[in-house]
Structures are given as C-alpha cells and as structure tokens.
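The same subunit A turns up in both complexes below, where it pairs with subunit B and then with subunit C.
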Partner chain A sequence: MLARIESGSALGMEALKVEVEVDISPGLPTFNIVGLPDTAIQESKERVRAGISNSEYKFPLRRITVNLAPADVRKEGPAFDLPIAVGVLIATNQISSTRVNQYSVFGELSLTGEVRRISGALLMAFCAKEGDKKGVILPAGNAAEAALVEGLEIIPVTTLREVVDFLNETKSISPLTGKSRKEFASSFALSEYEVDFSEVKGQDHAKRALEVAAAGGHNVLMIGPPGSGKTMLAKRMPTILPTLNIEEAIEVTKVYSVAGMLPPDTSLISARPFRAPHHTISNAGLVGGGQYPRPGEISLAHNGILFLDEFPEFQKSALQVLRQPLEDGHVTISRALTSLTYPAQFTLVAAMNSCPCGYLGDSVKECVCTLGKIQQYQGKISGPLLDRIDIHIEIPRLTKDELTRSAFGETSNIIRERVQQAREHQRERFACLQARTKSKQPRRGISCNALMRSRHLRKFCELSDPALRFLENAIEKLGLSARAYDRVLKVSRTIADLAGSEEIKLEHIAEAIQYRSLDRRSFV
Partner chain B sequence: MLKEVYWLGLKLIPELNNRLNRALECFGSPENIWKASIKELRGELGLSVDVAEGVIRQKNELCLDRELDKIRRAGVELLTISDPSYPGPLKEIHSPPPVLFIKGELIKSYEVAVAIVGSRKASSFGRTLASELAQNLSRCGITIVSGVARGIDSAAHRGALKEEGGTVGVLGCGLDIVYPPENKRLYLEIAERGSLISEQPLGMRALPQHFPARNRIISGLSLGVIVIEAPQKSGALITADFALEQGREVMAVPGNVKSSLSKGTHTLLKQGACLVESVDDVIEALNLNLKSIKGGISGKEELLSAQEKAVLTVLDWEPRHIDAIASEVGLTASQVASLLSVLEIKGFVKQDFGKRYLRI
Partner chain C sequence: MSLGDSGEGLACSHLRKKGYRIIDRNYRCRLGEIDIIARKGDTLVFCEVKTRLNKEFGEPFEAVTLGKQNRLRRLAQSYLVSHSNDASNLRFDVLSILLADGKPKILHIENAF
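Up next is the complex of A and B:
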C-alpha cells in the first residue's frame, strides 16, 4: 500500500515542501529511506520502529520504502520522524487516510512515541500556508511560534497516539489558530530590556555617539582601556534602537526558529537581539555554515546588535568574512549542492583597546607598549573593514572621583524617542528611492543613513559653502584620510536628522568629525 | 675616473664601510683602498683570508660607473669630506662621516643650525611644541636639523617647513628608503625645500645600529640640540650625549613632572642643560645675533563666538576630557563635541589621546 504525507524541511531561510511517500510491499522485512536523507533521517528508522511499537501499534514486518520527494535536494534533521510514522500507519491501514491530506505534518519522535520539538517549525508553517493546507500537525513545543502564521490551523500534539486518534477522528484537539498580524502588533508591548542607558554614569560623549549610531544605523568602534565600560555601553545599545516592527520581528523569529534557538512558548521575538560571540569563534560560527548549514552569529544578530569585544583578537579571516555581509545585509553560503542565504542586517559594535597593554592615552596608568607593537595591533583591522565602520569613539577610564561626581544619564526610552524621530526623517527621505527602483531590477531600497552609497551621498548630503569649506579645512588640518570624507558626511547627515534639520550645517559636520578618532594621522 | 666613485664603492662593501676611517689612515686615499691587493688588505687592516677574499670578490662584481649613474638618477649627490661644501661643523667632530649622500638643496650656511629631537611616542603637547618652536626658529632663519622619525622629529620638520629657514633630515637608512613609511610626503617636502642626508648608501634598510651613528651627525651638524619629551632611555638622550662630546649646546624643554616623557629631559636639565621655553632662550643660549621673534601662531580670539570662548576659558595646557569640559561649561555632549572641532580647526585647541583637549 502507498501513503503520501506532506511535510517540509528548512533550507536556509526558506522551507522546502517535501512529500513523504511510504510504500509497503510483500517481501523480506527491510526499511529503506531514499531521497538524499542525511544521517539523522537514516536513524529515524529506529525511532519510527520503536515509537510505533511502544505506542502499541503494529509495525509491519514487510518491505518498507520511504521516498522524500523532491529526490534531488539534500534533506536533514529529525523532523521527518512523525510523517514517516504516520505514513507507515496509513499504509498498514491503522489510520484512515481521509483527513491527512489537509495537513502538513512534522515532528521528531522519541522511542516512547512522544513527539519532540524541532527547529525551523515557523518556516515550515509558512510553507504549509503557501501550499494551501488547512493546517499543520506539529509538536506542542513548536505551537507558539507557528501561531504567527495568520489563518493556519495549528494542531499541537505531544504523542504519536494523539496524532493517530486525531487523524482517525476519535479524538479532537482544539486547534490554535494563527493570530492576525494586527493582533500581534497590538500585543506588541514596548519590548522589555533588562538593562537601561540611565545606569551608565558619565561617558556623555560616548552615549551621544551611540545615539547617533542608533539613529543612523551606523557601525561603531569603541576604543578604550580595560574597564572603561565598553561592554556596558554596547549591551545597552539595543535599548535605544527603534522598536522592531512586526515584519522585522518575524524575520528575527525565523532565524532563531531555524537555528533552533527560540525559547519555548515564545511565539515572537520582539526585542532586538544582542549577540556577543567570543573572539575565538570560527568563521562558520560567525557568518554561518557548518556541515549542516546553520545561521551564524551575524544572522542571529539580524535587526539587532553584533558586539565584537577585543576586535583585533578575532582571527583575521573571521574579520574578512564580515566585510561582505556588512555591505549586503545578508550572507550567502555556497555549497556544491545548494546555496543558502541568511539575512544579516545587523549593527556592528566593536570594541578594542588602544594598544596591546590597553593603557595608551589613559590618564592614570602609563602605556608600556612600543610604537611598533601599537601599530601592529591597530593594523590588525584592515582598511576595507574600517571603511564600513562609520563611528569611532574613544572611551576613557573614569577616575573614582569622576565616577562619583558624574550623574546618571537619560533613560533609554527618552533616547529612543529621538532615535525614532530621526529614523522617521530618513524613511521619508529614502521613500522616493524605493518607488523609483521598484519597476527595474529588484534593488533594495535603503532604510537608514548608514546604507547610503556614494550616489546617495551626492544627492542627500549637499553641503552649504561654509560647511564644505570647514570640512575640507578639517581634513587638511587634522590629517583625516580620504575615506573619512564620506563617513563624516554620512554621520553628519544623521546628526542633522537628530536635530530635525533638513540642511547639514557646519555644527553637524563639526560634531561628526569628533567620531573619526582612528582616521587622525596623529593617533599613534 | 672621478675620485668620488671610489668613495661610493667603499660605501657599498660593508666590510670596508665599517673600517673606513681606519683604512683611510692606512692607505691615505680611497683610491688606494680600492686598488689594494688581498695581501695589503690583510696586512694593513688585519682582515682574515675569508673576509679579504670576500671584499675582492665584491669589488670585482661592482660596476662603479653604473652605481654612480644609479644614485645620480635618484637625484642624490655624493659629498666627501674633502669637498669644500662639506659642512664645517661636522668636520670638527670625532670620526666625521667621510662621505655623505645628499638629496635636495644643500643649505649653505650650516653655521646656524639647531637640532630638535625627542620621543617618537610623543604626546600631542610635545608635538605641538616641537612644531611651534621649529617654526619660530625657522622664521629667524635658523635651519632645523632632525631625524625624520615619528613623533617630535616629524613635528619639528613640519614646523620648519611652514617657514623659509630650511630643514635638514638626517636618516639612518639609504635615501631611497622611507622609514617610517607614513612619512613619505614629509620626505618629499624636505628633499624639495631642504635636504635629506645619510651616510648610508642607497638601498640600505634602517638597522638599529645605524641610529646612534645618525644621531652623531644630527648633533654634529648643529650648534645646539633641543630635546623635547624624552623618556629615560631614549635616542634623543644619545643625541644629547653626542652633543656634549662634540661641544654643542644641550637644551631641553621641561614637561609634566608626572609624565614618563619628561624623565629624560628633566634629567638633562638637572645636569645643567639650558631650559628652553621659547625661541628667545635658544637664541640666548647659542649667543646668536638674531632678532627674536615673538611666536604667536594662534588665531585671534575676538573672532570666536560666545560659546566657543566659554569652552576655551575652561581649557588649559593640561589635557581635559571632553565630558569634563561639557559639564563645566554646561553644554550637551553634542554641542561641546561640535565646538571643540571648530576650535581645533581654528587652531586654538589640540586633541590628545582619549578625547582629551588642551589649549595651545
């Protein structure tokens, strides 16, 4: 007998509809799975056999062939356990096949017949919806995330027995219906963060720079001695970014669903992610990849902050692979058989010491490094990478006296208000770009100042004569490098936006120049 | 064949280059050294068989005309000690370089040259000072001699280049090697408007042992040596030592008592070096008959806005952090950042490490 069940497999950020065909024919008892299964799927034979027997159904002692169609795409993960088990039961007439066509099925089986949580359920639910299925049968642990798919009937199950009873219509399971976007958006309370900017004492200059960075989506490099508060500031960066909108939140949730990192019972990640990988991370860990490609830290930081502490200590190659995603906002992992794309629209916040010992420029402790050492250390960050970081700030270590004297700052909410205002200005400005390019090839519009390219700079960052003269003067006098020119323009555009000014004034340029520490010829 | 060709040949053979003064004593002229046989080399200079054979082999491999052509094409001149235009003061020192490579216009009057040396890892305060002092000395017509190294040296050259007085850069490597690499532009400017000098042949890299030797030329060319910011063990102090040996005036600019960059200069001052605050001190110490020029490179304060003036009043020569300035003036971080940039461009303040500002 033949049974056909629809299931799915996550492939990058897309789900692939997979048809699970189970054929049972007379012959010596064998159990074969074909259709490019990986090891986890090969092993599912054992789980399916034990799961069926332990749920007190009969496992047929005949020749069983399972085909995963399309047969030319590699499939992975244990999510096919449940559809295979259901297929075997249908093919042996232990389940009636009438109801199963309306549903897409996936889940991992335990030997006892329990259904376990899988990764990527959100993508598969979206895929089922596109395939015009009425609903999905999926592990109860994945129900919350799948509920994001509007108008899809979600049948959460905990054991194989429940699935059989449901399909045989002997038991009803009350479905969770996917909520509408509007409902989600309304329940989208201001995301709660555990930290707040007001907890940072002093460091007004650095805070202001981070506000500018948040407002324009600029990448930041913080330079300062150990213990100056670089990590503390970076951790609070997500709290001043504009709140996620529903589409962005779904994208973030998808990434975490694929990575299997969604906290249980969470349907939607509404806070901007903050990822801080250690500097020993491998290239694959950072940008994604591995034997079974998984999103890397840059994708987990999508729409949020990627914080790289001890920036020059990262492997040189790891820093180099960052360059493309920083430019494109996504990362493509190419393999012999497939090529996957993960989103990676993150804001990079990097931190480094000013020299190997960390105390160059410290007011109390003297630096003991030789000049060569300092240059070597700072040289680890290549020019092209530095090109993608608009804002450099120096964070000094505060003395005890300064710490006790300085006041607590503004709360994150107040800063975020201003940031949101500035983003609003940017959206209006760049709206015309999207409309114009839509008809031609799909060129992505830009949403914030940091993404402006040189042609946008020419269009949106025109300077008045005095401002232009000032900038040229500054570059000449301070020995700023040529690449600083564009960066200063971009950042001053954001500063003007924060001030609600359409025109970039001299004072905006002057402030922007402050955020280019590493460009000064005299830094060492 | 010209005599200088032999000089060039001798410079290009390291074994002979190292023993140049001794060889001159023994053989009398470079031509004689060049034409010496193995036996003579061994006998007079005490070279071992291997070394002497090596010397002869290198001699045979060198085509002197081609080498001479090479340096001419690089715009470099040879200056031997017997040349009348060889700088007088340098001739007087112990073991003067018998031959110098020079690029750029030879400055006629080396009599009024002053060296400015100091730490490569100088503070922004020190660099500003070096540049200012060099500029003012230059304005008085004094040639500034230094080593084109990072920090104080570069600042001194840059300061001198702003005026007409001229500047001499003494290198520890061949004239075609740019060290440190970021000074490429400075090299070109010095060669164009002053001169670059080295006793090393073209192509010679900057080796550590070259620098003390270079320092003796720096002090030897000058009437006096001004040390700005030198830590306890510093090349600048070596220059000062040479200056003492050569009977040159040693001068030092005091610094922050607590900074390690002042240790060397303060030691010099304790030992009796002349304290320098301005051009006047230098002119007085060197007994120069020049009209002093009051240095005033800062712009006019009257042109500043009220806010800019307010920021300027809380600043001093002691660097202060931008946040501290902001809280004292009572402006936001954004406003102060902007104002300080403007003041820096206008030349009133200077930024030091860690976003600290000082008034200049």
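Up next is the complex of A and C:
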C-alpha cells in the first residue's frame, strides 16, 4: 500500500516542500530510503523502526520503500522521521489516511517514540501555509515559533502515539493558531538589559559616536589602550539600538530557527542580536559553512551587532571574508552540494589596541613595541576593510578625575529615544525608495543611512555652500580619500537626523570628519 | 528426518497445491544448494525454505540475509547455465515455515528479492 505525507526541509532561508511517499510491498523485510537522503535520514530507519515498535504499533516485516520527492534535491536532517513513521503506519492501515492530507508533518523521533524538537520549523511552517495546508503537525518544542505564521493551525505533539490518536480522531489536540503580525507587534516589549550606558564614566566623545552609529547603522572601530572601556562600551551598544520592527524580527527568528538556536518556547526574537565571537573563530564559523551551509556569526548578527574584540588578532583571512557581506548585506556560501544565501545585515563594532602591547599613544604608560611590530599589527586591518567602517574613534585612558567622578551620564533609554527618532526620519526619507524598487528585482529597501549607495548620497545628502566649502577644505588639508568623502556624507546625514535637521549643516559635517581619525593620520 | 528436510517436504506439497511443478530439489553445485526449483507457467521459481520451531529469534524468513540472497542469485545463474529450459521469467521465493504446536504455518513470499 502507498501513503503520501507532506513534509519539508529547510534549504538556507527557504523551505522546500517534500513529499514523503511510503510504499509497502510483499517481499523479504527491507527498508530503503531513496530521493538523495543524507546520513541523518538513512539513520532515521532505525529510529522509525524502534519508535514504532516501542509505541506498541506493528512494524511491518515487508519491503518498505520511502521516496522523498523531489528526488533531485539533496535532503538532510532528522525532520523526516515523523512523516516516515506516519507513512509506514498509514500504509499498514494502522492510521486512517483521511485527515493527514490537510497537514504538513515534521519531527524527529526518539527510540521511545517521543517527538523531538527540530531546527528550521518556522521556515517549514511558512512553506506549509504557502502550500495551502490547513495546519502543521510538529514537535511541541517548535510550536511557539510556528505560531508566527498567521492563520495556520498548529498541532503540537510530544509522542508518536499522540500523532496516531490525533489522525485517527480518537483524541483531540487543542491546536495553536498562528497569530497575526499585529498581535505580535503589540506584544513587543522593550528588552531588558543588565547593563546601561549610564555606568560608563567619561568617554563622552565615544558615547556620542556610538549614538551616531546606532542611529545610522554605521560600522564602528574603537581604538584605545587596555582598560579604557572599549569592551564595556560595545557591550552596552545593544541597549541603545532602535527596536526591531516585525519584519526584521521575523527575519532574525528565521536565521535562529535554521541554526537551531531558538530558545525553547520563544516564538519571536524581539531584541536585536549581539554576537561577540572569540578571535580564534574560523572563516566558516564567521560567515557560515559546512557541507550543508549553516549560518555563521555574521548571519546570527543579522539586524543586530557583530562585536569583534581584539580586531587585529582575528585570522587575516577571517577579516577579509567580512568585506563582501559588509558591502552586500548578505552572504552566499557555495559548497559542492549546494549554494545558499543567508542575510547578514549587521552593524560591525570592532575594538583594537593601537599596537601589540596596547600603550601606543597612551598618556601614562610607554609603548615598548618596535616600529615593525606596530606596522605589522596595524597592517592586519587592510585599507578596503577600513573603508567599510564609517566611524573610527579613539578611546583614550580615563584621567583620575574622570574615574573618581561620581556623576553618571545619560541612561540608555534616553539615548535610545533619540536614536529611535533619527531612525524614524530615515524611514520616512527612504519610504519612497522602497515603493519604487519593489517592482524591480528583489532589491532590499534601505532602512538606515549606512546602507545608502552613491546615487542615494547625491539625492539625500546635498550640502549647503558653506558646508561644501568646509568639506572640500577638510579633504584637502587632511588628505581624505574619495571613499572617506562618501563616509563623511553618510555619517553627517545621520548626525543631522539626530539633530532633527533636514539640511546637513556645517557643524554636522565637522563632527563627521572627526570620526575619520584613521584617515587623517597613519597610526604611527 | 531433520527439521529442514521436513520443512522442505511441507513446502513442496504447498507449492504443488498452488499449481507449481517441482523441477528439482536440493540442487547442489560448489556454490551451495538451492532448496526447491519449481515452475508455474513460463516462470521458473527458485525457492529458499526456512523452517523454525518458534519465533524466539524472529520470523524464519528474517534469516534470509542479504548474503544468502546473493548466494542464491549466483546459484540460479549456475543452474541456468547448466540446465536448458524455455522459461522466460524467473523469480526468487521464500517459504517461511513455523512448526509451532505441531501445526505448520506456511508463509509463501513471492518475488522476495
């Protein structure tokens, strides 16, 4: 007898609809899975066999053939255990097949017949919705995330027995219904953080620069001696970021769902991610990789912050692989088996010392590095990489007065409100762009100033005569490059937005030029 | 008479009842042995008979492992080379016989592999 169950497999940020066909015919007992299955699926034979017999159903001693259609796409992962088991039970008439057509089924089986959590359930739920299924039958651990799909009936199950009883209509499972975007948006709470900007003493210059970075989505490089507060500042960066809108939150949640990193019972990640990988990270760990490419740190930091502490200590190649995603906002990983694209629209926050010993240019301690060492150290941050970082700031050591001062700075909430407002200006400005580009290729709309291209710069960053003269003067005197010119324009646009000014004034340009300290001088 | 022999006897009478003609029994060559070679219409059937007294170690037919299946395939080839016949199809069957409580239960798996 033949049974046909619909399931799915996550392929990058998309889900692929997979038909699981189970045929049982007379013959010596064999169990074959065809349709380009990988090892985890081949092993699912053993889980299905044990899961079925340990749930006290009969495992047929006949020739079982499972086909995963479409047969030309490689499939991976244990999510097919449950549909295969259900298919075997239907083909042996242990379940009635009337109800199963309305649902998409996926889940991993344990040997005891329990249904375990899988990764990528959110994508598969979206896929089921597009395929006009009434609902999905999925592991209870994945129910919360699938609830993001509006109007989809979600049947959470914990054991194979429950699935059988549900399909036989001998037991009802109260379904969860996918909530609408509006409902989710209204439940968006401001995330709570354990840290706050008010805890950072002094460094007003740096705080202001980070505020500008947060407001415009600009990448930042912080340079300073050890103990000056670079890491402390970076850790507080998420607290002043604008809240995610619902579309962004869903994208972030999708990435975490694919990576299998969604915390249990979380339906939506509402806080901007903050990823701080250690500097020993491999290229694949950073941009994503593997035989079936998994999202890397840059994708996990999508719509959030990627913090790279001790920037020059990273492998040189790891820093270079960052260049393309920094430009494109996504990364395409090609391997022999497949090529996948993951989003990587992150804000880079990097911190480094100015030399290997850390004290070059420090007011108190003297640097002991040789010139060659310093050049080698600083040479790790290549020009093209530096070009993609809009804001460079120097974080000097705090003076004794600043350290002992008890007065606290502004709290994160106050800063965030300003940032939010600046983002609002940007959204209004770029709204017309989004409407126009929609009909063309699937180009992403612009959500913040940092994403502006040169044609946008010409349109949105017109300078008044005195401001233009000032900028030309500065370029000449300070020797700024053409690329730096664009960066200054972008950053000054953000500074103007923070000030609530439609026009970019001279003072905005002046402040923006300050954030190009690495262009103005070589380190040494 | 051994268990295997009595099982093969039962299998033969079962096959005859179903309209098969027994052509050869215990065909031997240096590759091994084919329990029963039967014929129905234009199909030549190579049968492997497995007999058990209980199911303690699984169904009798579960003992026909992949290795045994391959051996039967080779045996069939050697039989076809040395015996001329006009059968156009051939098939491998497994007869699984359970002799529990003195009453034989015969399961005939046609086209088993």
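One rule holds in what follows: the second predicted complex is superposed on the first by the 505 of 524 C-alpha atoms of A that agree within 3 Å, B and C clash if a C-alpha of one lies under 4 Å from a C-alpha of the other, contacts with A are read in each partner's own complex, and residues count from 1 in each chain.
Just so it is clear, a contact is a pair of C-beta atoms (placed from the backbone, for glycine too) under 8 Å apart; a residue touches a chain by one contact, two chains touch by 3 or more.
On a predicted model such as this, the values are computed, not experimentally measured, just so you know.
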{"item": "Fit or clash - subunit C, subunit B, common subunit A", "value": "fit"}
{"item": "First, second, both or neither for A:Gly12, with subunit B first and subunit C second", "value": "neither"}
{"item": "Partner chain(s) touched by A:Phe470 [first = subunit B, second = subunit C, both, neither]", "value": "first"}
{"item": "First (subunit B), second (subunit C), both or neither touched by A:Leu61", "value": "second"}
{"item": "Touching partner for A:Gly224 - first (subunit B), second (subunit C), both, neither", "value": "first"}
{"item": "Superposed model, subunit A: greater residue contact from subunit B or subunit C", "value": "B"}
{"item": "Partner chain(s) touched by A:Gly358 [first = subunit B, second = subunit C, both, neither]", "value": "neither"}
{"item": "Which of subunit B and subunit C A:Glu366 touches, first, second, both or neither", "value": "first"}
{"item": "Partner chain in contact with A:Ala510 - subunit B first, subunit C second, else both or neither", "value": "first"}
{"item": "Touching partner for A:Lys207 - first (subunit B), second (subunit C), both, neither", "value": "first"}
{"item": "CA minimum distance (subunit B, subunit C), superposed complexes, angstrom", "value": "74"}
{"item": "Intersection of the subunit A residues that touch subunit B with those that touch subunit C", "value": "none"}
{"item": "In the complex with subunit B, residue positions of subunit A that touch it", "value": "202-205, 207-208, 224, 354, 360-363, 366, 371, 393-394, 396, 402, 406, 470, 473-474, 477-478, 495, 506-511, 513-514, 517, 520-522, 524"}
{"item": "Touch list for subunit C against partner subunit A, complex", "value": "59, 61-62, 64, 69, 94, 109-113"}
{"item": "Residues on subunit B engaged by subunit A in the complex (per definition of touch)", "value": "120-121, 124, 127, 150, 182, 259-260, 321-324, 326-327, 332-342, 344-345, 347, 351-356"}
{"item": "Partner subunit C, residues of subunit A touching it in the complex", "value": "26-30, 61"}
